[in-house]
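In what comes next, chain A is part of two complexes: it sits with chain B in the first one and with chain C in the second one.
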Partner chain A sequence: MSKEKKSSGKPRNGFVEFMTLLWRTKKVAFFGMVVLILFILVAIFADFIAPQKMENGLLSSHLMEAAQAPSLKHPLGTDAMGVDLLSYMIYGARTSVILGVSCTILSTLISVIIGVASAVIGGKFDLFLQRFIDAWQCIPGMLIMLILMTMLGAGMGSMIVVLSVPGGIGGSRMIRSAAISVKDSGYCNMSKMLGGKNLWRMIHHVLPNILPLVLMNLANSLGGTIMMEATLNFLGFGVNVGTPSWGYILTSQGRSKMYTAPWIGLAPGLAITIMVFAAAMFGDGVRDILDPRLKGGMGSFSKEKIGKIAKKYMASKKAQETA
Partner chain B sequence: MSDDKLKSKFRPDVIDPVEKKLMTQEGVEMPVDPEVQEFLGEDIRVREPVPPTQSPEILVVKDLKMHFPVTKGLLKRQVGSVKAVDGVSFTLRQGETLGIVGESGSGKSTVGNCVMRNLTPTSGQILFDGQDVTHIKGKELGEFHKRLTMVTQDPFASLDPRMKVRDSILEGVRINKLVTDKQEQYDLVARMLTLVGLNPKFSDRYPHEFSGGQRQRISIARALAINPAFIVCDEIVSALDVSIQAQIVGLMMKIQEELGLTYIFIGHDLSVVRHLSNQVAVMYLGKFMELTSSDELYEKPLHPYTQALISAAPIPKPKVDRQRERILLTGEVPSPINPPKGCNFCTRCKYATERCKTEDPALVDVGGGHMVACHMVTGK
Partner chain C sequence: MGKYVIKRVLLLIPTMLLVCVIVFALMRMIPGSAVEQVVYNYKQNGMVITYEEAEAKLGLDKPAVVQFFIWIGGLLRGDMGKCLFRGDTVWSVISAQMPITLELGVMTLLLTIIISIPLGLICAAHPDSPADIIIRTLAIVLASVPVFWIGTMVLVYPAVWWGFSIPLTYVSIFDNFFANMRMFLVPAIVGAITGAGNNIRAVRTMTLEVMRQDYVRTAWAKGAKESRVMYQHAFRNALIPVITLFGGAAAGILGGNVVIENMFNIPGIGQQLVTALSNRDYPLAQGCTVIMAIFVMIVNLVVDLAYKWCDPRVNLE
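After this line comes the complex of A and B, so read on.
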């Protein structure tokens, strides 16, 4: 895309243009993106930010300070074991944010690849793939996850696989049905008539047209993934026993100490809510900007940008006419 | 133009010039609105009957049949077939236009799709420029599609809403790598848009910013960008309103003259098809009923079905229109799964005899290239 722009005499960077548009027309989406980036940064640099450092993969507990309300020493209070909640949250971001974001992206990617390929290739390929997915969906999701977890063993890598593959296969259904409606449209048939192969049609017609659905899918499954990680953690199949995670503290201590120490549940609950909301707003904004039909989308500024080629062509034609 | 339109609204005897031009068969010394004149670039005039030309035959279709299987049960047992096209033959010379008319379900679009090779015919032969294209596949089909292309009916469905006009027009060029240089590609788009009467600066816009007629022009530009020799126009004007129809028809004729293209023009509007075509074929239930030069067909229709069709088309002269005899057809079109044994039209024909019900009439030349499939016309 950037190459094309260069030849029209005005180098346009797609990314810069996108960011400018996001800032100018979709403020909320822009802040959503900033929040997401902040969360990811916190997760990456947890070791430098957290007031209480991790030792041997564990946060030391001080039972004397158990379940204290937020104070200057512990800005978010402490949990039932006397662990500083702020540090717990920062280290927990490692599991929850990184796992959540990467699993969501990976699972959507799997859905898109399976769904689009199944729809566009069609025929026997589609038939067999869909029967396999039918069979897959007959087995309860939790069972598959637990079996996979047992097979792969604990750890970050296996968690990513377990949280993204089953969801991705299940989600491919929705993508496939959307892709089929695009595939059968007039412009896709026309592309076929002009000689477009399957891959060409997938990239140039099907993917751009199912993008809104994909983005919605991304934003919606983020919260679910974080909570699913907590569930697995609760069952003893987490990254590692004792590894901090937002979902885990919310389901274990947050609920049981809801009346005596509400801050324990409040901190992870709010963090998850903010992140999911940010992701939803960001996804929404991206979708609107990429849709040329909506006001404020990528197409809305194109009218001002009269291609230099067109101008030059008209000028040369005029010159020809006068000559 | 607006003045005349207003007049025509209040005084029915003043007809809008565009419609007048399109509808009147003489087409000479008609007062032309300067605005329309400028827009179309040149006069739209009814084509004179073309004598048998010396130009080479570009498309020969021999006994084309397209039967779609009807299956039943779990094992997909074939219980019959829909005879969408059942034995159609015609020859088309370079630079000519064949019009195909017929009611819905008569198989005219299927003929177009078979010629385009979107469908593989059940039997028969299609020769394009001497090459047998009936069963080609893969690369050969790709090469074939560089020389023959299609414009479809619905301008709202045929353009990708997320593609800029430029990318839509260049799609065929990019797929086939006809022009690789970016600058040349841009020039090509500008040229194509000018050719179809749109401003070249529209190339950065998206399809939703255009009206139906403009979109149809973009579709035509996309078809022309790969520099084809042959275009199948599948009801390209039926989704547009009448004044836009006139523009598009004028445009198609202008392009044909400039680029020497050959068309198959499928439609159900008799006056539009007559205006554009050298030859017109009347189709009914998968068969050609009559095939002749366009003026001959409208002035001397021989087949009872053609007569009924022409009598149903309105004439923009109220006095003549009112005095005309209407031929009303009774009954329904028989099912193409189980067509009549004899002539397909015998169930609704008022002249039908016993012979019509048992013997299928062949398409016979009755003189001067006028082909009719009817026992009453050809029989002794």
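After this line comes the complex of A and C, so read on.
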């Protein structure tokens, strides 16, 4: 704990130090990160790992082997169309990882651009933009996603837009309030006085100083994205039929075959849960390290610590009195 | 305070107008026109209608700006237009379905509060104890499970194992209270359990933040009893951010239960909206969205005022 306190909130020497800090103080978060990296590796090397390969972007079905229970040939069983479920899951990891990574990055990017621009430019621009975001946030997020999904149609491309744009606009609030406090600081005003343009100040002064918040935002929105993808698939607004997706198979077959072939629902449900769980653990750990407010547990404020100090004090007083 | 309330209420008007613009623009950008659907429906019923006639009938032949002002004018008079395919007015559909969603939402919210406040407080009272770690891990697991997966399991397995099936036909609470509860209790529990995960953790963080304040340390140092420090100093002050937390949750109850409604066949406004969207029923979808947005705005306002009322230090202006 003492090590954690010394490095005041920010990773000083970059990536490696951050990772050691994560490993030393937040074992569970580190474990979550390892799980996420495993999923990413599976997604990248899906073509080599999967027992049944994709042909022309499709997993061919063998109706003779439909809905088989797990066996040596098919470790996770087969689905209602006779596709090997393990292969489906491996290719589904690819869909989830592509969506998860690209949406997190895109939504954070949108948040940063809107938030920083709104804070630095200020004035009328800020006022109107913030009123627009006020109104935007009154419309429930799920509805905006459904409307956008209807607008853009099914498919990966529209999924990426739909899962990142609403979240990005909503998340800009937090970035903006952080950017405003940086913008009003001495060095930023000095830069303005020396003739620094808005864009210069955004990139060279504001952005580096809100970087911890941006990283936190990145780490924290991953789990939500994966969950939302599954939920949209459940409501019938998802990827194209044929694109392997955990949310899709859980909805289309896992639910209807819940009793006759429970393994079809079990694998994707567990996979989504594990991935979201790992992402949440990782996000929590990153937030604990980067947000100084949340650090250090109870520290000197715990009951035991205060009790000890009080006892010491009483003992010394007694010693004084007797002496 | 009075001045502040008036200011906030007046500020609602431009926001509401902007919401209307956003909703209208979003709806008009949806491809696949309702006109073709109407022509098709007429053909199905053995009647003939040309494309232009159908367009004029729906009021879609005018420019979008004119349509917008017609719609806004209607809204101000409390007239949201007619559904394209059902023959009812939009308001009659919404007013019939909003109470159902509200009932489900309120039940879910109450259960969430009942679950998450005590558990969150237990965690905060004994940070890093075994109980804390178990509850927190469980909370994150619950927040990570897709709600429709749990929901389906709840629908299927009890029916198979014990012959207990959740009724999936809606009964009004005024007709038969017990039949209504039989239908709503299970969806509400499923929603509350999956929603409680994040709230338990939020309550814990908020309480811990209060417990790190100087006055709590002073209370300990003065030798106040544990129960007194916890209830009088820590928990009471922690309730302030917790109110905001659940206020935010309350704002979402009208639009946030789409999945549960869909799964348990509850004819609420969320499910209606999904159907309206896939049918391209603009007036109905617009009406539902605007009603939800107005609800969010009003609840947010009430929460802000409650926050100010609880904590006089807060300066909202």
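Rule of thumb we're sticking to: the second predicted complex is superposed on the first by the 170 of 323 C-alpha atoms of A that agree within 3 Å, B and C clash if a C-alpha of one lies under 4 Å from a C-alpha of the other, contacts with A are read in each partner's own complex, and residues count from 1 in each chain.
As a working rule, contacts are C-beta pairs under 8 Å (C-beta built on N, C-alpha and C of every residue); 3 or more make two chains touch, one makes a residue touch a chain.
Since the model is a prediction, treat every value here as computed from it, not as a measurement.
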item: Touched partner set for A:314, first chain B, second chain C, both or neither; value: first
item: Dominant contact partner of chain A by residue count, chain C or chain B; value: C
item: Touched partner set for A:191, first chain B, second chain C, both or neither; value: first
item: First (chain B), second (chain C), both or neither touched by A:258; value: second
item: First, second, both or neither for A:230, with chain B first and chain C second; value: second
item: Partner chain(s) touched by A:135 [first = chain B, second = chain C, both, neither]; value: second
item: Partner chain(s) touched by A:209 [first = chain B, second = chain C, both, neither]; value: first
item: Doubly contacted chain A residues - partners chain C and chain B; value: 293, 299, 302-303, 306-307, 309-310
item: Of chain C, residues touching chain A in the complex; value: 14-16, 18-19, 21-23, 26-27, 29-31, 127-128, 140-141, 143-149, 152-153, 156-157, 160, 205, 208-209, 211-212, 216-217, 220-221, 223, 226, 229, 252, 254-256, 258-259, 262, 270, 273-274, 277-278, 285, 289, 292-294, 296-297, 300
item: Complex interface listing, chain A residues touching chain B; value: 3-4, 7-8, 185-191, 193-197, 200, 204-205, 208-209, 211, 290-293, 299, 302-303, 305-307, 309-311, 313-314, 317
item: Parts of chain A lying in touch with chain C, wherever the complex brings them together; value: 131-132, 134-136, 138-140, 142-144, 146-148, 150-151, 153, 223, 227, 230-231, 234-236, 247, 250-251, 254-255, 258-259, 265, 269, 272-274, 276-277, 280-281, 284, 293-294, 297-303, 306-307, 309-310
item: Chain A-touching residues of chain B, taken from the complex the two chains share; value: 116, 118, 142, 145-146, 149-150, 152, 154, 157-164, 167-168, 171-172, 175-176, 182-183, 186-187, 190-191, 194, 199-201, 203-206, 208-209, 219, 222, 226
